[in-house]
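In order of appearance the chains are A, B, C and D, and numbering begins at 1 in each one.
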Amino acid sequence: MHIGFIGLGKMGYNLVVNLLRHKHTVVGYDINEELVNGIKAEGAEGVTTLEALYESLPEPRVLWLMIPAGPLVDTVINQLLAFLHPGDTLIDGGNSHYQDSVRRHQFLKERGIGYVDCGTSGGMSGALNGACTMYGGDPEVVEPLHQVFKDISVENGSLYTGPAGSGHFTKMVHNGIEYGMMQSIAEGFEVLEKSQFPFDYEAVARLWNNGSVIRSWLMELTENAFRKDAKLDEIKGRMHSSGEGKWTLETALDLGVPTPVIALSLLMRYRSLQDDTFTGKVVAALRNEFGGHAVEKK
Amino acid sequence: MHIGFIGLGKMGYNLVVNLLRHKHTVVGYDINEELVNGIKAEGAEGVTTLEALYESLPEPRVLWLMIPAGPLVDTVINQLLAFLHPGDTLIDGGNSHYQDSVRRHQFLKERGIGYVDCGTSGGMSGALNGACTMYGGDPEVVEPLHQVFKDISVENGSLYTGPAGSGHFTKMVHNGIEYGMMQSIAEGFEVLEKSQFPFDYEAVARLWNNGSVIRSWLMELTENAFRKDAKLDEIKGRMHSSGEGKWTLETALDLGVPTPVIALSLLMRYRSLQDDTFTGKVVAALRNEFGGHAVEKK
Amino acid sequence: MHIGFIGLGKMGYNLVVNLLRHKHTVVGYDINEELVNGIKAEGAEGVTTLEALYESLPEPRVLWLMIPAGPLVDTVINQLLAFLHPGDTLIDGGNSHYQDSVRRHQFLKERGIGYVDCGTSGGMSGALNGACTMYGGDPEVVEPLHQVFKDISVENGSLYTGPAGSGHFTKMVHNGIEYGMMQSIAEGFEVLEKSQFPFDYEAVARLWNNGSVIRSWLMELTENAFRKDAKLDEIKGRMHSSGEGKWTLETALDLGVPTPVIALSLLMRYRSLQDDTFTGKVVAALRNEFGGHAVEKK
Amino acid sequence: MHIGFIGLGKMGYNLVVNLLRHKHTVVGYDINEELVNGIKAEGAEGVTTLEALYESLPEPRVLWLMIPAGPLVDTVINQLLAFLHPGDTLIDGGNSHYQDSVRRHQFLKERGIGYVDCGTSGGMSGALNGACTMYGGDPEVVEPLHQVFKDISVENGSLYTGPAGSGHFTKMVHNGIEYGMMQSIAEGFEVLEKSQFPFDYEAVARLWNNGSVIRSWLMELTENAFRKDAKLDEIKGRMHSSGEGKWTLETALDLGVPTPVIALSLLMRYRSLQDDTFTGKVVAALRNEFGGHAVEKK
C-alpha cells in the first residue's frame, strides 16, 4: 500500500522502516528535516510540507499520524482538511484518548473521510521488528488496511477491535494493566532488596523468566535492566507517566469499575515525584498535637 | 483505691496526677529518680525499686503498668513474680498487642493473679484531664476497678469491653481508625494545597469544625497545627508509627477483613520515610527499557 | 435580606426555615406545589413559576439555587436569563462541580450578574439548625451576603473561601475527607465484628466519642445507627455515592496528588454495588489454569 | 541421584515423573496407596511407611518433602527424626513460610542433617515438563543437588538463591508479584467488559500475547480461559488464596516496604469471598444518618 506517514519520531521512524521492509511505499513527513533525510536513506520518499505529502499519494489517500496525543492531533487534522477528499483515510497510530478518537471519527465521517484509531504496543523494538496493533473503525474503512497492520505486527499481533475508538480503548487498558504489572514486579524486588538475603536481582529475574508463573516480557526487561546496573544504583526512582494509566483509572471511575491496583500504580507514580508531601506534614503535625510525638524539623 | 504505678513517662505521669485528683492513693515507681521526685511533689508516694513498691501497698495489691509495649512488659512481669501473690491484680495500661495480653492473662491466671488490659486514648491532655479507657479482663477481677477507670476518664469515657485482650484489641482498632482518619484529613489538605485557590488552611479547618459532617477532635488538632505554622513550612512530612496500625492490618489479614484504607494509611507512612525507592527505580528502568523514556540519573 | 429560593427539597426546605428563623424574607419556588404550600405554612411566600419568583423580589435580586447538581443547574440558569438584570446575584448552594461554578461565574459575570458558589455541609439537621457554609465569589458580590451565611450557620461555621469556584472546591474536598473517614470507621468496626470478642458496637462507639482521639460527629452518628439496629442486621452494605468523592479523586489526579485513601474509599463503594465481579472471575479462572485450583461454579 | 519422595499429590506426582525421566531413582511415599501404585506404574519404587522409605535409600539419604505447608511439615520432620542420620539431607519443596524454613534448617543442622528449602513455580505442567526452582541452604549441602534441580527445571529455570530460607523467600515474593499481575490483568478485562465496546476477550488476550508489552504466561492462561468460556459465565468470581500473598504483605510490613499493589490484590481477594460486608453496612447507615440517603433493606 502507498501510505503517507506524518511524524517520524522514535516510534514513527521505526514503523516506517518496518512498513518499507514489507514492500509498502511510504512518503514520510516531519517538520524536522533531519528525520526526513534519515527516512529517505531508509528507502522512503520524504517531504517537509503536508501539501507535498498529500500530492505525492495516489487516490484515495491513506495517511498515518504518529504524533503526540492531544491538541496537536486536532491541529494537524484541521490542517489536513484543506487537502483531504471523501474516500481518503486517516489512521491515528498515536496514544490518543479513545473519546477523542470517537469524536474525530464522527467529525471526519461527516466529511466522508475514513478514520481508524490504532493503538501500538511493543515499544521501539516492536515498532521496528513486529509490533502489536489494535485498531478500530468502520468495517469498510479498515477492510483494505488489515494486511498493512498484519504486516507490521508479529504473528497474531494485530486485531480489529470493533467500532471507532475501540482501538485506542484497548491500548489504554493495555497500558493500565502494564502499570499494574510493573508496580507488582517492582514491589516484589523491593521486598527482596530490604530482606536479610543477599539476592542477585538479575539472576532472580532470569530465573523467573524461565518456567515460572510470572514469566513475561516485562520480567525480561527487568533482567536486562539489572544486567546493566546490578542494583540500579545509577538511577532515581522517579516514575513519570504519559497519561494512559490516568485515563484508564478515570474511565474505570466513569464505568463504576473498582480498579484498586491500577489506581495505586498510578498514585505511587505521583508520589514518587514528590520529595516531601503536604499529607505527611499534616499527619506528622497531628501526631505531635495529640501524642507529643516529635516532628522532624526541616 | 491504693495503686502501685509502674512507669512515669509522659502518659503515666499524667495518669497518676489524674488519679491523685480523684483521691486515689498512688505509689509511683520509675527507674528515673527525677520522675519519681516529680510525682512525689504532686502528692504521690514515690519509690525506686519494685520491692519497695510492692511493700508499700495494702493487700491485695493493685499494680498499674504504663511502660513501652513489647518484651519489656514480660521482663517486668517476670520481676514482679517474685513479689506477687494470688489475689493481686496487674493492669497493663500500655499499648500491648492484644495477643500478648491474652497470653499474659492466662499465664498470671494460672498463678492466681488477676490481669486487666486497658487501652488508653485521648493523648497526654486526656491522661491528665479525662482519658478514654477501654479494658478487658475476668469480670470478678475488673469489678473493683470500674470506679477507678470511671474516675480518670471523661463522662462515658470508660468501657469494660469483655474478656482479657478485648481492651487492647479495642484500642488497637481505635488506632487503626485513627490512622485512616488522619490520612483522610491530610490528603484533603494536600488537594487544597495543590489547587488553584489560595486557601487559608487554619480557617478551613476551623470552618470544618463548626457544623460540618467531618467535625472531629482530629480536625480541631489540625486547626491548632495550622494556627502554629500556617503552611507547616517548618516540619518534614515524615510519618512515623508506633505499631498499632500495623497490628490492626495484620489482625485484619488474619481475620480475612478487607481494610484497604487502614492498609494504605500505614503503607503511606512507610513510604514517607523513604527518600527514594527501589520500587521506583525498577519502574523507571522498565519504562526506559521498553519505551526509551529517559531515566533521571542520580 | 429578601431572597428568592429555588428548590425546596430536603436540604432547601430546611435552609428556608433556617433563613426565616433569622428574620430573612424568603420567596420559595419549586415545581412541586405541595412543597410550596409547605414552605408557605412555615412563613415564606411561595410561588410556582420563575417569573412570579422574580417579580416578587426587590432589586437587585438575590436568588438561591438548591437543586441537584449537573445539567439542571445550567437549564435553570438559562431560564433565569430571561429575567435576570445586571446587579442581580445568583447563589448556587448545591453540590455543583467547582469547574462548572468557575464557568458559570464567568458566564454570568459577562452579563453583569453576580455568582456565588456555596457548599453546604452538616446534613439536614444542620440545614435546619445551623449549617456549615463555605462560599466563593467576587468580593463585592459576596459582601452583602456574609451576614446571611453567618445567620444560617453555626458559630464560626461560615467561611468566605476566595474566588468563584473555591466554595464548591472546599465542599468537594470536605466530602472526599468524609468518604475516607467513613470508610476508616467502617473498616474498624468490621475488624471488631470478625474478632473473637463479643463487642457491643453501640457501647464502643459511645466510648470512642468520649475522650478518645477519634471522637467526631461521624462517630456520634455511628453510635446512633447502632442504637437503632445493634448489628445493622436490617440493612444491606451497599454504599452509594453522589459524585463528590469521585470528583475529589479526579481532581487529585489532575493535580498530581496521591490520595490513596480517598481513592480506595470510593472504589470500595463501587465494589459494594457488585454482587459478583468480572475481575474475580478472571483471577479465579487463572488460578484454575496454572494451579488446578477449583473454581466455584455458578 | 537416589531420592526418597514424600507426598504424591498433584505437584509431587508430576515432579517424580519428571525426576524419573531424567534417570533419577525415586522411591515414592504417600499415605494414599492409590497414589503409590500410580507412581510405581510410572517407574518409581513405592512404599507406604516412612521406615520403608528410609530403608530403601542408600546412605547418605536424600529426602524430598512435597506436602502442604504448615504444622504437617513439622510433624513429618519429627517422625523422620527417628530415622535420619547426620549427613542426610531433607529438601522441603512445598510452599513453607521462609521463617519456618530458617528455623527448621537450624533445628536440623544442630543434628547434623542438611536442609534445603526449594520453592517451585510453573504450575502442574511445569512440575511435569520443566519447573522453575529456587532453593536455599548451606553451600556444602546443596552442592550435590544442583544437577537435580537443573534436571527438573527448564533451561535457566533453577537458581541457588543463598542461605537457608532464601529459596522459600524468593518463591513467596514470586507469588506476591503473581497476585499483583493477576489482579492487574483482571481489572483491565473488567474495564473492557463494562465499556461500550463489544470486545472478544479471547481475541484481545491473544493479541496482547503477541508483541505487546504485557505479553506473559499469565496472559496466555487468560487467553486459554476465555477460549474455554468466552465470558466466564460459568464461574463465580470468588478469589481464594493459599497464603503466600498474605505472607508477602506481612513480610513487607515487617521490613517497612510500601507494597500497595500487592496489599490490594490480597484485600480484593478477601473482599470477593464476602457477599455483604459490615463495612458497607456501617457506611450505608452513616449516609442515612447525616444525609437521609435511603439504605437498602435486606
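Following the convention adopted for this analysis, a contact is a pair of C-beta atoms (placed from the backbone, for glycine too) under 8 Å apart; a residue touches a chain by one contact, two chains touch by 3 or more.
Molecules present, by chain and UniProt name: A, B, C, D = 6-phosphogluconate dehydrogenase (Decarboxylating).
These numbers were taken from a predicted model, which means no experiment stands behind them.
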item	value
Relative to subunit C, chain with the most remote C-alpha centre	D
Proportion of interface numbers common to subunit C and subunit D (over half same, under half different)	same
Result of counting contacting C-beta pairs for A-B and B-C, higher pair	B-C
Inter-chain centre distance, subunit B versus subunit C - centres from mean C-alpha coordinates, in Å	34
Centre-to-centre distance between subunit B and subunit A (centres being mean Cα positions), rounded to whole Å	48
Junction residues of subunit A, two or more chains touched	123, 183, 185, 187, 190, 194, 213, 217-218, 256-260, 264, 267-268, 271, 277, 279, 290
Residues of subunit B defined as touching subunit C within the complex	121-123, 126, 130-132, 134, 136, 153-159, 161-163, 165-166, 169-170, 173-174, 176-181, 183-185, 187-188, 190-192, 194-195, 197-199, 203-204, 206-219, 248, 251-252, 255-262, 264-265, 267-268
Residue ranges of subunit C touching subunit A (in the complex, touch as defined)	213, 246, 249-250, 253, 256-260, 263-264, 266-268, 270-271, 273-274, 277, 279, 290
Subunit C to subunit D touching residues, read off their complex	10, 123-124, 182-183, 185-187, 189-190, 193-194, 217-218, 221-222, 224-225, 229, 232-240, 242, 260, 264, 268-269, 271-272, 275-293, 295-298
